[in-house]
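Heads up, the next two complexes both have chain A, just with different partners, chain B and then chain C.
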Partner chain A sequence: MKRTLQKTLIYMILTVGALFILVPFIWMISTSLKPSNEVLIMPPKFIPSKLMWENYKIALEAAPFKTYFKNSIIVTVSVTLGEIITTILAAFAFSRVNFKGRDIIFTILIATMMVPGEVLTIPNFVTLSKLGWIDTYKALIIPWCASIYSIYLLKQHFMSIPDELYNAAKIDGCSDFKFLWTIMVPLAKPTIVTLIILKVISSWNSFFWPLIVTNSKEMRTLPLALSAFTNEFGTDYNVLMAATNIIVLPVIIFYTILQKHIISGVSKAGIKG
Partner chain B sequence: MKKQLLALFLVLVLSISLVGCKSKPVDNNEIVDEVGEVKEDEILTEITESTEVVFWHAMSGSNEEALVNLADKFMDENPNIKINLQFQGNYRELFEKLMAAAKANQLPTMTQIYSNRLSWYVEKGLVENLNPYMENEKVGLSKEELADYPALFLDDGIWNGNQYAMPFNKSQMVLYYNVDMFEEAGVEVPKTWEEWKVAAEKLTKDTDGDGEPDIYGLVFANNISTDIAPWLKQAGGMTMSEETNELYFDTPETEEAIEFLNGLIQSKVARTAGEDKYANVPVSQGRAAMCVASTSAISTIEKSTLEGINIFAAPLPGHKTNDQLYYGTNVAVYNTGTPEEKLGAWLFSKFLSTPENTAYLAQETGYLPARYSAREIPEYKAYLESAPIKAVGLESFDIGFQGTRNIGGINALDVLGEELDLVFAGEKSVPDALKDAQERGTRALEEARKN
Partner chain C sequence: MRVIDKLRKSNTFKGLLYILPATLILVAFKIYPIIKSFTMSFYTDFDYLSGEVYKRGFDNFQYVLSDPDFYLALKNTFYFVLGAVPLSIIVSLGFALLLNSNIKLNSFFRSIYFLPFVTSTAALAIIWRWIFNGDYGLANYLVMSLGGKKIKWLTDPNLTIPILVLFNVWKGMGYKIIIFLAGLQNIDKKYHLSAKIDGANKWNIFTNITLPLLSPTLFFVSITSVIGAFKIFDEVFVLYNTSTGPLKSGLTIVYYIFNKFYRHWQFSISSAAAFVLFIIILIFTLIQLKIGKTKSNY
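Entry: the complex of A and B
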């Protein structure tokens, strides 16, 4: 009896939690199918009086989604790969390799995290334009191929791996590089998965940087398509939500496929997204 | 220990150097030096080789479509000039990008821009003086053509007697009202502040008797301070002087205007948009009888209005004067382009404001045309007849004015807005708030001029 009560209580809490997370999604889908004059109606309506599938047509016609999709995928995949590779190498160097000034360099890197991103926008833009990278994939990808935060996180994980493992591998004639890829990386899989998730989400949703460094529609990414539905006197929420549904779909698919890894990664690394 | 001290020292040095990056941006005068002195009277009057004009704008959706059509038409007529339209996000994003581009010497050939933003570029010597083009016999404008522009629109692009920008998309701040609610309550469209107050009182309804109105008489935008100018002008005052850069927040005229607005809010016959975000939303939904918003919101209002609600518009009620606020952007040409690009940009600026094209833009976007004679264009005339609300903004050109252009003026108005929020919340008296707004606003203005 006690157990049934306990279970009921747990399921009730879980249902409330699930609703809490699902309602915005349901609202997004419902709004995307509403006529314009039902979007802001009070009291709110979940079921539209008429299903406006044409909102999706309008959304798709508002921007070259095919190109934007392609660019978003190229940028997200490249940035994620780039960051993971630099992070693994740097975290290994800072945690296992002894070289002069290691701690000082690391402290300086950590100190740069205190600088707000907004402050760096203009200097970074100036640098990239001097390199002639504006409106190219290089500008969208290369500045985001390293992250101090990720290095710090992975370094901490690498440091928790016992020295004995390293020494034993060394005695067996294993090189640093081989030790890193065959022992350290598999052991740090949960943290690396977490880093991938964080990077994919932030890169997929990134708005301001792609806007700043690209000019032509050929180079733009998906989130920029969303700004087409807002002007200074209002937002076409129904069409905006239709476009948002189109854009979040790949993230939902990404999550569904990697769900198992993501959950174990997040719980083992103790990091929330 | 020694190592840790060294690390700490290095971190300090790095932090200080990065803070330095923030407070000392690239010296903009360097950009001008790199570009070289511009000889204003030597302009090209013909383009013989293929030239590309890059135009940054913030027009999205149907507005962008109209702009693309105009650019295509221009390119058909001028095969040597390619107009490369580049959407740069909303206004705020466009202006941030322009600032970054200015510092990197990467400005486009021309841009859509508010005058209160363009003033910085004019002061830094980055904008092309359009007078030599305007006055040129071959590519300029005749006296009759110039007289066809409402003076307030041309004046908005003039600094020190030089035309630095041409009018583009314009709108007016008007009073929207629910026609049926007015008829039901027997209220006439208010023409004075007094009539406005009475109308708001009559139209406010507390249907459930809980002491809180369910239908408000009047709704203002949340950022009321940005567009506070018409009430100050109508009370005989002004927000600030462009010549002396002096603020007029703490004056009897400003106090009279704010007391009037605050009186409406405190007596619960008016409110700000609050969670509705835009003032027109509660009117579209039948939860308010009047609101103050721009004429360019008409298409949004039409789309979002519930069936059975009829909305019309009128100029703002007057007081000591009937001054009406117009706003909207202009197009400006940067002087960083080649002579061919600058000529191409001028020709496109001129093209955008021909009566036919400005009427087309107005018809497609809901903005106001920038020429008097646009009303005579048959298609636009027919359009106005079918949608008379769109003609309201055309009635007050001669008593209209455009907002402040002072560098940092918006920052000062934001400060006034913060103080007004305290007044409307009943936490501060009007005189105290205006005194503080004057002091803080002056500091904000000075601070902005340093950048």
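Entry: the complex of A and C
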């Protein structure tokens, strides 16, 4: 009897928590489908009397979403690919190749993780503007194509792969490069998938950096577009929510498909980091 | 030729070649800017375009440390950190403990809690802005249906930090719950069983076994939360429609840095402020590391 009561209480608390998380999302979806005259009423209606899919059409036409989408996809894909390649190469060297200065270089890199990113913004901006990269894809992509955190995490995984495997491959005449891509990388797949997922999420959602290095509409990414959009459509909450939905949806789909990996990956990353 | 061949065969050459792409980017966009930012904060007279520096000194730091706006930013940020960090840790730990007690639908709940973490802050802040709308928002509807009076959520300066704290807890709890769950699952069940046999009650088990064994995880979460909380910016920027909130009640340190840099083009003052932020974060991390060493079990 006491156990059932306890279980019920636990479920109740968990459900309240879940509602607390979900209500804003439900509210967003419901508002995005409302006709204008139902947006600003008290008490609020959760279910619109008529589903206004036109709101999405208005939102899509009001802003150059195609461009923003294209930019977000180009940036996210390039940054993720770039980071994974540089990370795999570097993690291999730091875990398998014995070379002079290796530990010193690695220690210096790890130490820089302490410095908050905001400290770097100004000099990076200056560097980029001297290179003439402001308001180009290069500024959005290249600085993010390497991450010490990722290198550290993958190096840890690479080190857990037994040396015997490496030595055996060497005797068979396998080159380092081939060994890395055909044996190490497949073995480290769970960590690599985690890194890819975390990078995609953070890149897709990044706000501060694109805000600073872009200034034309042609180069802006989705989160920025949304913030600009709110100023133009400050009162049309239904259109605004439709626009928000359009931006949030890709990540939610991505998340739903990969949620198992995301959750197990994050817990691993958190514990090791 | 011989020398080149030898070099090509050496491990050093090979190692450097492998780390070259990553290191090149990290040196250009991480290590160089750290050094540059530090030296730049001492520039008092310089030409931004030519890069020439005419005078150096402590003026920027003096300016920042005597600017009432900076103190306001400090105050707001500290207020936020003090509210958000403990609250989010307690809430997340509480939910993690509940989820850890052999619950069906465990992964279903985890997935829901994790949802805000994957969604962009900019989009979420817009939904929240709508919820906190003074006339037609969901929050006021709730208050009124409970018999309260309408609250001016987003225009009352006293509510800015509490709203940001709430938003922060809401957004970050999924991530923290996952980390706590991983930590809880690493604790050997044997300890709990033997304590139970010895007649310990739930609270005793929690404070004497779970909490100490969880301390490395707790430690990791608190350090990353403090660092993250000190850098709050996006939330304010979007929630308050690119302003710093009513009566600058949402002016945080990073917002101050952003304003000096992006709106006033005062690079060196902005650099100095960024460095002050770095020192503050460093001090806090060191204090936490020190506490962690004495309190942590590992």
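In the analysis below, the second predicted complex is superposed on the first by the 184 of 273 C-alpha atoms of A that agree within 3 Å, B and C clash if a C-alpha of one lies under 4 Å from a C-alpha of the other, contacts with A are read in each partner's own complex, and residues count from 1 in each chain.
Here is the rule we go by: contacts are C-beta pairs under 8 Å (C-beta built on N, C-alpha and C of every residue); 3 or more make two chains touch, one makes a residue touch a chain.
Because the structure is a prediction, the values reported are computed rather than measured.
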item	value
Partner chain in contact with A:A93 - chain B first, chain C second, else both or neither	second
Which of chain B and chain C A:I10 touches, first, second, both or neither	second
First (chain B), second (chain C), both or neither touched by A:S227	both
Contacts of A:Q156 with chain B and chain C, given as first, second, both or neither	neither
Which superposed partner A:T136 touches (first chain B, second chain C, both, neither)	neither
Touching partner for A:S216 - first (chain B), second (chain C), both, neither	first
Contacts of A:V23 with chain B and chain C, given as first, second, both or neither	second
Per-residue contact with chain A, leading partner among chain C and chain B	C
Chain B versus chain C as contact partner of A:T67, first or second or both or neither	neither
Partner chain(s) touched by A:I122 [first = chain B, second = chain C, both, neither]	both
Footprint overlap on chain A, comparing chain B with chain C	39-42, 108, 112, 114-115, 119-123, 125-126, 130, 208, 211-212, 224, 227, 230-231, 234
Complex contact set, residues of chain B against chain A	3, 6-7, 10-11, 14-15, 18, 21-22, 25-26, 54, 60-61, 63-64, 86-91, 93, 96-97, 99-101, 103-106, 276, 278, 280-281, 284-285, 287, 293-294, 296-297, 300, 303-307
Touch list for chain A against partner chain C, complex	10-11, 13-14, 17-18, 20-25, 27-28, 31, 39-44, 85-87, 89-90, 92-94, 97-102, 105, 108-109, 112, 114-127, 130, 142-143, 145-146, 148, 151, 176, 201, 204-205, 207-208, 211-212, 222-224, 226-227, 230-231, 234, 237, 240-241, 244, 247-248, 251-252, 254-255, 259, 262-263, 266-268, 270-271, 273
Interfacial residue positions of chain C with respect to chain A in the complex	10-16, 18-19, 21-23, 25-26, 28-34, 36-37, 40, 48, 51, 95, 98-99, 101, 103, 105, 107, 109-116, 118-124, 126-131, 135-136, 138, 141, 144-145, 170, 173-175, 178-179, 181-183, 186, 217, 220-221, 227, 230-231, 233-234, 237-238, 241-242, 254, 257-258, 261-262, 267, 270-271, 274-275, 277-278, 281-282, 285
Chain A to chain B touching residues, read off their complex	36-37, 39-42, 62, 103-104, 107-108, 111-112, 114-115, 119-123, 125-126, 129-130, 134, 208, 211-212, 215-217, 224, 227-234, 236
